[in-house]
Structure formats: C-alpha cells, structure tokens
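Labels run A, B and C following the written order; every chain starts at residue 1.
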Amino acid sequence: MEVQMKKKRGLRFYLSIYKKILIQDLKSKMSYRADFVISTFGMVLTNISGFITFMILFHNFPSVNGWDYHHMLFLYGFSLIALTPVQCFFDNNWNLRFMVRSGDFIKYCFRPINVFFYFISEVFDVKGLGQFAFGLGTFIYAWNKIGIPVTVVNIAEAVLFLLTASLFMIALMNLAAATCFWIINSGYVMVIMFRFKDFAKYPASIFSGVFRFIFTFLIPIAFVAYYPSLVFVTPDHVPLLSWLSPFIGIAFFYVSYKFWMLGVRRYDFTGS
Amino acid sequence: MANEAVVMKNVSKQFKVLNRHEGLKGSIQDLFSRDYKIVNAVSDVSLTVEKGEIIGYLGPNGAGKSTTIKMMTGVLEPSSGEILVDGRVPYKDRTANSEHIGVVFGQRSQLWWNLPLIESFNLLRDIYLVPEKDYQDMLSLYRSLVDIEPILHKPVRQMSLGQRTLSDILAAFLHNPGIVFLDEPTIGLDVSMKARIRELIKGLNEVKQTTVILTTHDMGDVDALCRRIIIIDEGRKIYDNDIEHLKNYFGSYRTLRMRLGDDSWVEQVIDEKKTDVMHAIKEMQKEHKVKDIQLQEISTEEVIRKIYEGSESA
Amino acid sequence: MTSIRKLTALTRAGVIESLQFRLGTAVTLFANLIYLALVYFLWKAIYDSSGVDAVNGMTFYDTMIYLILATAIFNLLEMFIVWDMSRAIQSGEIIMHLLKPMRYRLYTFWSYSGSHVISFFLTFLPTFIVVAIITKGAIPMGWNLLYFMISLILALIVNYNIEMLVAPICLYTESTWGINIVKETIVLLLSGASIPLAFFPEGFRRVVEYLPFRAVYDIPLTVLLGKNGTDTLQGLLPRLGVQLFWCIVLMILGNLFWNVAVKRITVNGG
C-alpha cells in the first residue's frame, strides 16, 4: 500500500509552518502580560544604558579614529538592527544546553522536519523588537545627518547588507550553542560570544595586526556593522571585504548550521 | 508484502563514558584526563515484530530498553547489526522513517508547551502533511474513544500529567503511523487514568492496525495490552515469547494462602511440577490448624520478577 | 567550631564544582584576554584621537587598568542568585531550603564563596599580575593593595546584598530574565563598570555618587589606583565607610523584603 507520493517540504512549507507557530506563540505570550512588560522594559533599559555609555564617551571624546559623532552613530544603529534577528529568532539557542543535558532534546528528532528549524522555531523573542525600533531610529537619524542620498539602490543595498550582516552573530551563537553537544557545561561559551557583540558598534580600523585578523576572520564581529557600513559611509573607497560581506555571511551561517547538525548526529542521547 | 514491522538482526550499541574521579584531587585530574570506558548498552539483540502487534518490551532500569527504542526511531546508529523499520533503515533516513512512526516518552511532552492542544494538532497536521479529510476522521475517531473536548482548548502547560500523556499519545497517532513507540506511557498516573490510557491504546491498535511497541515497568499495562513480550537485561535478550508461555515456561506456579488457628494468613508459592496443593496443605496441617485456604494464579509481575532475579544471579 | 566547619565544607564543595567545569576555566581565561584586547584597542584609538594625555584626571593607562580590572571583578562577582532562586521557587525546592538549619541567605553566600575563591586565583590574580607588568608601575604597589582587598571584600558583600534584595521579586513574577537584566544593566552602568565614573558629566555623576552601586566597582578600583586622595587615610576611610554603610543598609532592606516575601510562600503554600 506504499503508493504514497514523495512528500515535498520546501522553503514555502517551512515559511508557512514558521508563520503558524509564530502566530500561536504570540497569542500565548499575550496571556503572560506581566512577564512581557518586565522583559520589554529590561530590553529597552539595556539599550538606553548602551546609548548613555555611548553618549558619555562622545561627551569626552569628539571623534574616534577619524570617525566623527554621526558616523559612529550610523555604525551604532547599524549594529543594533543587525543584532536584532539573533535576538528575535534564534533565542532558543540559549536553552539548547539545558535540553541536551536533561535529555529533552530528543523530542526534536522524531519529526519529519529539519531538527534545527524545529528547535529554533519554537521560540520567538518579542523583546528584540524594542532594540530594532531603537536601532532603526538611530540609523535613520545618522543616515540623514551624514547626508547619504535616499535612492532606491541605496535602500535596497541597506536592506541586503543589514540582512546578511545579521547572519554573522546568528552563526556565532549557533556555533557557541552547539558546543554543548561536546562539552558538559558550555554556558560560558555562549556568554563569551554574546559579550563580543558589544564591540560590533566600533570601527574595526582601531584594531591592529593579529587582532584585526581575529575579529575579521575568526570571531568576525567586524562584519556585523563595520564592513557593511563602509558601503554607505565611504562610498568612494569601499574595501573588497565590504562587497564580499553578504557572501561571507551566508557561507559562515551555513558552516555554523552544519556544525550544529553535526552535534545532533554525534550526540548519544544518554541523558535520560 | 512483508509482514514485519520491525526486524533487528544482531544489533549492538556501545557508548564511551568518561571515568569521573572522586573528591578535590579527582576533579583536578578530570580536567586533563581522557580516561574512558566502553559500556555495552545493547549486545547482539535480534527480534522481529509483526504488523498490528502490541508488543511489551520489558527489562529492569538500565537494561537497554531506551537505547533500543532510540535505534529503532533513527536517533541512534547501531554500532553493529541491522535494523529495518517498516522496510527502512531508520538511521540512514531519519526523516522518511519519522513520517511512519509515532513516539511517546512518558513524562516528556513533545507538544508545544504554550499552545492549546488543538493548535498543536493543527501544526502536526501541517508538518506531517496529513490530508484534511484523514485529519478530521482521526479527530472523530479520538472523540469516539476518549472525551477530548475538555482538554482540546487547554494549553499543554496547564494540563495534569494524565491529560498530557493522553494528549501525547493522541498526537503520536495523528498522522496514522504504522508503528508507535510508547516508552512508559503510564508512569506516575493514577489507576483510573492508567485504565483510560490502556483502553485508548487498545482501541487505536484495533481500529488502525497500528503496531505498538510498549516499554513499561507496569505489569498492568502488559496484562491489559500485550500478547507477546520481549525481556532484555544488561543489553541481552533473555525472553521473547507469549505471556502464557512465560508462565508455563517458569513452571505452573500458584500462590497458596492459608488461614491458621490464630487467624493469621501465610503464603506459599507452589510449583505444581514439584508438589501439589493438597500435599502442601497436608504438610501445614501436621503442625498447624488450617481454618481456610485461598488459591491464586501467579501474576505476570511475579514471573517477571523471578526472571530478573534469575538473570542477576546468573 | 562545627558551624565554621560546616561553612568551610560548603566552600570546598563550591571549589570542586567550579573545577569540574573542565575546559570552562581555560576558555574563559583565553576569551577574557581577547576581550581585554578589544578594550585596549578601543581606548587607545579614543585617546589617540583626542590628542591629550589625561581626560578628567584619567590617563590612558589609568583607564585601561580600571576597565580591565573591572572586567576581572565582574567575573569574580558573578552570581546567579536571581536565576537560582527563581528555579528554586518554580520547582518548589525553596521549601527545602527554608527547612535547612542554616538560614537560606547565609547558606547561599557561603555556597558561592567557593567559586569566588576560585575565580579570584584563576581569573583576577593572573589578570592583575599581567596588567601590573604591562603597565610598568602604573599601579602603585604599597598599602593600597591591602586597602583594595578590604574594599573588594566589602564590594563583594554589597553586590551580594543587591542580588539578595532583587532575587525575592521572583516570588511575585516569573519574569526572571527581565528582573535579572534590569538589575545587571543598572548595576553595570551606575557602578562605573562599563565606563569610569570620572567620565560622567558633572550633574549625572553627583547623582550617581549618592547611590549604592559605586561601592561595587568605582570605589575599590579608585582605591587601587590611589586616585582622588585615596592614598591618604583621610581620603580612604570615608570611602570604605560608604561601602560599609551600604553593606548594612542593603542587608537590612534585603532582610525586610525577604521576610515579607517569604510570608507569601507560607501563606500560598509555595
């Protein structure tokens, strides 16, 4: 009786499943209003605190490495937007190590869909939207002050570069989270990676030698805002790495995804 | 067409486990040591499960039950040997395999924690690409077997353990899989809930001809559902046959209870191959006054306990 | 004597647990070095661009030492009391803690002391030595080291009391992440951990000086660097006094809030 057609699960299938889970999840989140309010307040507060730190710095020092106030603000806004997707869509990575250790992770392996997708789709973090709004405001303000022309090409480029820039932090967190398949208590790896994102908002030109290399190719936070921003800030001399950054982002994300899946395969599920 | 739901041939599974040391000095050692030992979770197990069967897969804690189930579901790769589930090699094509199986781990819900049950069902329908008509038919079948209305709109996190287990079992059958694995489905439930769950499993098996592989510690489950059981201990299969045969195989045991002159009850397990009931009563009467007697067939639970004890001393 | 032994047993258990993180300590150490390099390059660029040697009395070296050691202190002080308590409340385990003979607050403090000892020797001390060597004498090496240790212990107690003041909020809401991030953000900004208080605009700084948070990072680090007259007893004692004052006030407030909150458990039955 196995005349069943080969069922296809393509991109459209996954998008529709994600949309359905997202809508249901938002509905249920609304029923925990106190939690929602406190978390959003916390998120907004971290952004305000970050901004205050930034302002205090520029209250004392008018420019850094040739980047004046508005250029720095542009970088800042760019980094906040590029760091939103990792917060909103990939937050479940933080739960991975608990689930792996308790053995609960196994439940993701019994469905005929991609394990990574299934796991990640389970949590949508609304708090990130506050950061997005904050970042977008800063970005648009700085864009205006610098006087970048508002053209279709520029806007399309901005969207493309923001999207691909966001892949870098997502990939870093995927890699960090997946270490829990090998290391017993891997929380610190995630904490460390997460801390590095604080430096995405500064021009990578301040680093020299080995460290420039490390932050460009090993822990590529320079791609989160600096390289893509150069396309807009210094349109006359854009380095090659800036133009390549979308491709590097996609490749890096793919590698992190493969590593994550390798962890799933390698994990022996003894924790039960 | 093949009639076997599951075929396992000489399957073994080994794990590497880190040797941990005791105390302050030991934990410093562990920082650097690479001292592993090999644990055989499953050794050379062969078995066959026919389609439509409900089979009890039993064994003491740590015997290798879960490891076997994980290999059949494609989560673990066997170290050696062959497994075919519904004609597929589960580990090689986990996704294709998972379309045709359902899995329930007692006390470990696989449903979306925050969603009402019906929304979880709808999502599963979409994930398994179940045609709408089949889906509605399945829901009406559920309604005819259990009273699901009270839990259908309840988020899983607000459910009692019993309701959650019930929901998980229903979710596992939703896409009409050929085989369902139930790992201790009645653990921690009260008597009436256990009965409801057993009835549900039996009903679904009868209507849908679903093969069920059940691991449990509760002999009530076995007596209510399984004709055939497989017992493993320390990774090895030690029994594979009908329950009835099990009782014969281990002698026709009966329990004799006698009320003595002081109104106290004494119990004696009689192996009818060696002695008979009347003889035992006569023996007792030589020393005591016997006022009343009761005879009980030995329960499956007692037989199995005997097997476990036997294999431990062996 | 038995109570001392009980307490040291807890410390020892904490030490073992921390060590069992296998790779953890090594990786954290390495990552901290990279992180410190980030801080170094950022401030180097900032000072280079400004073209002056000192801003608000802080030279580049002062700022570096301050920020690097602030990071080391951050590692040293890191506690997960809010998370622990929230987990204990949600699992009902909190009742067991309340039944234990040692009072919950004291018990928690001593359980953490083990990991404090470990991270002092594994993170703070190596960092300190490296910084002292690299900056060649920018850190004064005299009595200030002793005063710094006293100040650091007071900072630890103030930080613990802040945690303990915040943690019982978990009895009122399940939003552990929210509570924790609000606490951490406020402490890190207003204590001068992310940017030295010396750089704050005048008015803002004056407000912050009346808050307890500077007792955690700003005071011990100022004492270590011997800035703002802390190299004399007249400058030093008032600052230690401020720390001690906040230790006591926060402890009393924490106690009051804890007692009110615990009543909630006994009334609601967990």
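Here is the rule we go by: a residue touches a chain if its C-beta (ideal position, glycine included) is under 8 Å from a C-beta of that chain, and two chains touch if they have at least 3 such contacts.
Predicted, not measured: the structure shown is a model, and the values here were computed from it.
Farthest from chain B, judged by the mean position of CA atoms in each chain, is C. When every chain is reduced to the mean of its C-alpha atoms, the one closest to the centre of the whole protein set is A. Averaging Cα coordinates per chain places chain A and chain B 43 Å apart. Chain A and chain C have centres, each the mean of its CA atoms, that are 29 Å apart. Rounded to whole angstrom units, the spacing between the C-alpha centres of chain B and chain C is 51. Shared contact sites, meaning residues of chain B that touch two or more other chains, are absent. Within chain C, the positions touching two or more other chains are listed as 22. Residues of chain A that touch chain C in their complex: 32, 34-35, 38-43, 45-46, 49, 52-53, 56-57, 59-66, 183-185, 188-189, 192, 195-196, 199, 202-203, 206-208, 211, 214-215, 219. Taken in their complex, chain B has these residues touching chain A: 1, 15, 66, 70, 73-76, 94-96, 98-99, 101, 103, 105, 108-110, 112, 114-115, 119, 122-123, 126-129, 155.
If you check the complex, the residues on chain A that touch chain B are 1, 7, 9, 16-17, 20-21, 24-25, 28-29, 103-104, 106-107, 109-113, 122, 268-270, 272. Note for the complex: chain C touches chain A at residues 21-24, 27-28, 31, 34-35, 37-38, 41-42, 44-50, 55-56, 173-175, 177-182, 185-186, 188-189, 194-195, 199-201.
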